[in-house]
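The same chain A turns up in both complexes below, where it pairs with chain B and then with chain C.
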Partner chain A sequence: MNIQDIQKNGVTVVQFSGSIDALTAPAITEHLGGLISSGQIRLVVDLGGVDFTSSAGLRLLLGAVKDARAGGGDLRLAAVQPDVMKVLKISGFTNILKLFENVDDAVASFG
Partner chain B sequence: MSQRFQITRAAELESLQMFRDFIAECCAHHNIPNEIVFELKLAVDEACTNIIQHGYKGMDPGSIVLAFRIEPDRILVQITDFGHAFEPASAPAPDLNAALEDRELGGLGLFLIYQTMDNIDYQASQDGNTLTFTKYYRP
Partner chain C sequence: MPPKNKSVTLVIGSGGIKCAAAIGLWKVLQENDIHVNSVVGCSGGSLYGALIANHADVKEMEERSYQLWTNDLMQGYITNLKASQDGSLKFNERSGLVDDSVLNKTLQGVFGDWTFDGLKTPLKIAATDMLTGDKVILSEGLVFDAVRASSAIPIIFPPWEVNGRLLIDGAASNPLPIDIAIQDGADIIIAMGFPLSYRSRFRSMTAVQEQLNNIYMNNILNATYAFYNLAHHAEIFTILPEFEGAISMFDVDKVPHVIERGEQATRELVPHIRRLLEQG
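Right, the complex of A and B next:
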């Protein structure tokens, strides 16, 4: 699991690549938590390089989006791959998270 | 015609990727559709994570035995561990329609197994705990 941050128009784009499971989730949770606690609450998570997520990924996204919104920001998803999209849909996460086809659209959505 | 596969790994989080890779490798030889392979990886990952985080809690980590049989229209999966017994049906289902602030962080793993697999059964005995499920597919 690789994690990389890019700043675009006042939005922090967090790129993951690899698989999200109970082993890799804690490092991602810590990373997102660090961004949010430092005030970076306009977040786009680029899932273009993520080919697998278990419920561990859902839990960390839920926790992070709650924290970001509590501070007046948001966490939005971009480039979700079909298998990961299926997990998001089954678990009802497509109703609570904003999803975009690509990073640029997700960044632009923050206005 | 069917073929059986089996792998035994330590009940630790580092084994999750090995179980998923093993499933992908075995299915690749049988032209199993990609979406079926993904659902199998997901269900096995969730079941093994529960065993690692809860089944062996307070015990020395033991092993997890993953066995499955590929048949022309279905895949039968069996996961055995030797930790504490856990009845999957006793776990509460998540409320998918709850507002964001009311969504709980837990309960999703078993839910995903029930949503993607068929014929789910759980047996606990002195010889170990065995979770079995079936995935039907169109070849």
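Right, the complex of A and C next:
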């Protein structure tokens, strides 16, 4: 799992690649938690390079979204791949999270 | 061979004949030496869960599928549906539109006198209490009783009484009973689920009723699945096979396709499961 941050128009874009599961989730959770606690609460998670997520991925995303929103910001998803989208849909996460086709649209949505 | 210190539970949800995809799942798990510590099944998934818990051969499971899903199961449906509408058939909590003698005989033919205690891998089956709506977990006595209760599609098949409780389809309360695996402390849960498909044309009231039922059921599935994912301490691997076109209850000619899709969907997950088993 590679994690990379990019700043775009006051929004932090976090790029992951690989799989999100119980093995990789702790590092991602720590990374997102670090961003939020440092005040970077306008977040876009670019899932274009993520081909799989298990329940651990759902848990970490929900936790980070709650923390970002509690601080007045948001965490939005971009470029969700089909297999990950299936899991997000069946779990109802597509109703809770804001999803965008690409990173630029997600960044622009913050206004 | 991967270490076997993490407990793996297989959960097979409701889905009628589509649950035959579990045959493909079982085949792939065996090929990859992924040891299953316990099995949970619901409705159609209880049939395949029981076969897996008894370590059935995949060929045998496929043959059983052809025996199970026959049109005979719906014996009396049309006649009784009309009779229920004109009032000549009195309906109560123990009624069904189908004469269940074929279903009972078919399930007896498959499961005979199998008991939960006699299975090679522990099995739990989800059902629903007809009178209270409670989720019910069946794990002792005759496997036939549990599968029959769990498969009692409301209104279609008569409920089945087990230990003094009138039970119906587990899907009515818990279509993908991951909670049973969580309760038992499973580390890794492999859950195969089957969201119901929707129709776009309606030519009868029963078609509309079926659509509404599918909407309700899918929303129960989504809501419970979301909660279970957040509640579980470790890992849930979800398998949602996709099929070409609609698969109706008696499409036995599509069983090979269903199995193949279950196999394919499982193969995609195997590297992730193995990684967790080997490194976790």
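The rule is simple: the second predicted complex is superposed on the first by the 111 of 111 C-alpha atoms of A that agree within 3 Å, B and C clash if a C-alpha of one lies under 4 Å from a C-alpha of the other, contacts with A are read in each partner's own complex, and residues count from 1 in each chain.
Going forward, contacts are C-beta pairs under 8 Å (C-beta built on N, C-alpha and C of every residue); 3 or more make two chains touch, one makes a residue touch a chain.
What you see is a predicted model; the values in this text were computed from it and never measured.
Using the overlay on chain A, decide if chain B and chain C clash or can fit next to each other.
clash
Have a look at where A:Phe110 lands relative to chain B and chain C in the superposition and call it first, second, both or neither.
Neither partner.
Based on the superposed arrangement, let me know which partner A:Asp21 touches: chain B (first), chain C (second), both, or neither?
both
With the two complexes superposed on chain A, say which partner A:Arg69 touches: chain B (first), chain C (second), both, or neither.
Touch status of A:Arg69: first partner only.
After superposition on the shared chain, which partner residues are touched by A:Ser54: those of chain B (first), chain C (second), both, or neither?
both
Can you check which stretch of chain C gets into chain B in the overlay, out of 78-86, 150-158, 204-212 or 258-266?
Among 78-86, 150-158, 204-212 or 258-266, only one stretch of chain C overlaps chain B, namely 258-266.
Intersection of chain A residues contacting chain B with those contacting chain C?
In chain A, positions 19, 21-23, 52, 54-56, 58-59, 62, 83, 86-87, 90-92 sit in both the chain B and chain C interfaces.
Which residues, counting only chain B, touch chain A once they are in their complex?
Result: residues 13-14, 16-17, 20, 34-35, 38-39, 41-42, 45-46, 49, 52-53, 94, 96-97, 99-101, 103, 105-106, 108-109, 111-112, 115-116 of chain B touch chain A.
Where on chain C is chain A touching in the complex?
193, 195, 221-223, 225-226, 229-230, 232, 234-238, 240, 268-269, 272, 275-276, 279-280
Would you tell me which residues of chain A are touching chain C in their complex?
So the residues of chain A in touch with chain C come to 19, 21-23, 52, 54-56, 58-59, 62, 83, 86-87, 89-93.
Please output the residues of chain A touching chain B within their complex, sorted ascending.
19, 21-23, 52, 54-56, 58-59, 62-63, 65-66, 69, 83, 86-87, 90-92, 95-96
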